[in-house]
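Next, two complexes with chain A in common: one pairs it with chain B, the other with chain C.
Here is the complex of A and B:
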């Protein structure tokens, strides 16, 4: 088989898979809406920091800066969520992952597409937030460098992909150990503190900042957010996005390795 | 008296379950510590910049975090497991078996399961509380302790009543797992002192969804800064919410038609 035919065969199931997943996402739009409303932490943090900044700004962060920061954070958070670790854990335990192993498509691709299929629904639901944010923030507190806007989609997609690959790796641990959900929870806890979700990382003391900005969590959320707000020079942003994709490669390799090892010892339900 | 014995029995069965899964308890204690530490990080950063925010110092804000954890623990031990089970029973129609028993259905439904694994939240909360009080150099007076006890009971009652109402929605919407998730995420805001929220939100968090009454009021009480008005508000709120939840429960159970209805 020629390389072109191989790629064609590989791409063939994708449109159908996407259609099925999209239908699934639309069918459960009510759940998605409640999930959207549940993601209110950035708004609560916005109020908290707003109250703080009302008394006196924190460094260079006044009320307007906090408002821009947390609204953009909310948008990026809504678009970069991934929960595939929970899915894999459930499927390993109830044996339904065996069905995926039979299909002529790598399960990672299937998971990725199921996850991506929820994007149109998420985009529609996020739209009001985006419009409100654009109205409140205005053009003053976002980047004016067009190169950063060009880079932003890549950073946003990278944020999702990094979270997704990490979730894949954690999910694959389910082949070896039942309580991987605790690790998933731990990952999310670290994410909350070190991604800039509840506090702009810049406000950490300098020694902590130096460490935190190099950790994976910062690259899920802070990298796209800082890019959109234009808080760094283009060269700095480029470096951050580079680090982000390096992390993606690391977690993808780790997940692939764990998956191989895991499937080898997997005996399906009742094994 | 009969109901006290009933509660004790139901609790005993759940406690036996905890002793069976000791490793799980250790893990949940670890996670509770971790979650609490992660919640304190913003406070640490904040109070390294200044000594007081919205009238609350570092130690005082920690008191609120302590009570938040304790109440969160109480909620997930006493209230939530039964409520989740009840919502499931309503969906499946097995609530019939509860309704047939010769005792008040609301009490039966709300006491059918306890999850003592979540004791970890209470323990971590109390540790933070003691640490905060030591930092502040505050020794609660007997009056403050009494007021704290009263306000904590009020807080638990309000929390319970809100859960009853959320669970009652299952009679109408059938599937409410997501709604409980939503409520949890809003409850998270109770971690911060109430005076941080201004304007419309302050009113909502005091009267509509009284997060302020749940954590800020007990904190003021143990610090000995509670005034009569706030105490009265807490008691009145608890009474009102109890009444409201009873009315909602009665109305919903009246329209319950079992499975396939």
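Here is the complex of A and C:
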């Protein structure tokens, strides 16, 4: 079989997979709403930092800057969430991973499309936040460089993909160790601190800033957020997005390697 | 699809430790492992279109064998060939030709109607719409699921779900079916329907069926051949009829009497295995069959009689007990 035919064979089922996964994602509207409400940390941080900045700005961050930052953070967070590590862990533990292994579709593709299927639901739920943000913040604090707007979807998708690939790698550890969800929790804990979720990374001490901006968590959230807010030059943004996609490649390779080793172990031990 | 299994062995290394806190603490530093020989040097071949039951007590190695043939497990040693494929390579062409259904796991999307899972499998297995539509019509009719395929899976009963599982697994018309306890938990009517369906599907499409079950009715209704695995070893491979004759050559003769008789009158004829007021079952050597029946017809008020072999459950219990004794 030629490479083109193999790729065509891979791509062919994806529209149906997406449609069915979308139907699955909207099956529970209440669940989606609860998830939306549970992702409210940026709004709480907005209130906190708004109060801090009421008396005097923190560096170059005044109240308006904090409002813009945390509303955009909320949007990026809602669109870049991925939880595939939990799915893989559950499937390895209850044995349903066998069903995936016996289908002529690579499980990574299936997981990715099942995850992406929730995007329309997330977009619908994010829309009120976007409208509110536009009303409260105006367009003053977002980028006016059209090149950055062109780059933004790539950075946003990259944020999701990086989180997804990292979760994939963590999920694959379930083949070796049942308690991988603890690593998932640790990853999320580090994400909260080092992604810019609760504090703009710019407010870290300079020595720490130099480190945290190079870590993967910053590239999940801060990269698209700073791009949307136009906090960096286009050239700086381009470099950050480049680093983001380099991380994606690293985590994808790591996940692929772990998957291969994990499946070999599963074949040897039966899960 | 032909299956050739040659000296297949599957061994697992299992961590073991004694009970108690100290043992748990010690196991953090020093781990002890045991080797479990789940399948130990078995060989057999299965021809295209055969229906074979894998039998054995719990932990005998049936499911391990089935999973190895399906490509989920890699043999520790020996070889397995299914058609032109080595199963654990899981080539797409191989995966398009086989299916595994287990009674305890399901592939149906829980919150969506089974029809969505059928559609998803159609896309994944690249089944042309022109083939899919009549195939689904056939499956829906055979399995009697016309009125449930559009209800969310979570609202279906266990039996309804199992029927839809089978339909979903057959969307791509596999030529090799691996069935692991397919009727577990189903009521009698549903069990009968599933058994009938599997046999009909196999006969109609020439599909090979490999089945593991603890329910002997499954095996006798679906399979013509049985492979008995015990302690990872193959202890019998042949037809059900031969197994019964070999293990329990005696026949069961049941007399329905028009009036009650004394216990002595019946015991004179042979060993009584079951008795109620007017129905008596005797266990009789094959060579004594004619004599015993003739004697009964002369001495007892016989209204009706049937001659049967020993039930498969009892035959297998004997086989397993002998194997335990030999071990």
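Just so we're on the same page, the second predicted complex is superposed on the first by the 262 of 271 C-alpha atoms of A that agree within 3 Å, B and C clash if a C-alpha of one lies under 4 Å from a C-alpha of the other, contacts with A are read in each partner's own complex, and residues count from 1 in each chain.
We take it that contacts are C-beta pairs under 8 Å (C-beta built on N, C-alpha and C of every residue); 3 or more make two chains touch, one makes a residue touch a chain.
Because the structure is a prediction, the values reported are computed rather than measured.
J.: One more residue to check, A:254. First (chain B), second (chain C), both or neither?
T.: neither
J.: State whether A:103 touches chain B only (first), chain C only (second), both chains, or neither.
T.: Only chain C is touched by A:103; chain B is not.
J.: Looking at A:27 after the superposition, I want to know if it touches chain B, chain C, both of them or none. Which is it: first, second, both, neither?
T.: second
J.: With both complexes superposed on chain A, which partner does A:125 reach: first (chain B), second (chain C), both or neither?
T.: Neither partner.
J.: Kindly classify A:53 by the partners it touches after superposition: chain B alone (first), chain C alone (second), both, or neither?
T.: Neither partner.
J.: Name the contact category of A:13: first (chain B only), second (chain C only), both, or neither.
T.: In the superposition, A:13 contacts chain C only.
J.: Return first, second, both or neither, reflecting whether A:267 touches chain B, chain C, both chains, or no partner chain.
T.: The second partner, chain C, only.
J.: Following superposition on chain A, which residues of chain A contact chain B and also contact chain C?
T.: In chain A, no position sits in both the chain B and chain C interfaces.
J.: For the complex, give me every residue of chain B touching chain A.
T.: These residues of chain B touch chain A: 27, 31, 34-35, 38, 41-42, 45-46, 48-50, 53-54, 178-179, 181-182, 184-186, 188-189, 192, 196-198, 201.
J.: List the residues on chain C that touch chain A in their complex, please.
T.: Interface residues on chain C, with respect to chain A: 12-13, 64, 67, 70-74, 88, 90, 92, 95-96, 98-100, 105-107, 109, 111-112, 116-117, 119-120, 122-126, 152.
J.: Across the complex, what residues on chain A touch chain B?
T.: Listed in rising order, the residues of chain A that touch chain B are 31, 34-35, 37-41, 44-45, 47-48, 51-52, 55-56, 58-59, 179, 182, 185-186, 189-190, 192-193, 198-199, 203-205.
J.: Given the complex with chain C, which residues does chain A contribute to the contact?
T.: Interface residues on chain A, with respect to chain C: 9, 12-13, 15-17, 20, 23-24, 27-28, 94-96, 98-99, 101-105, 264, 266-270.
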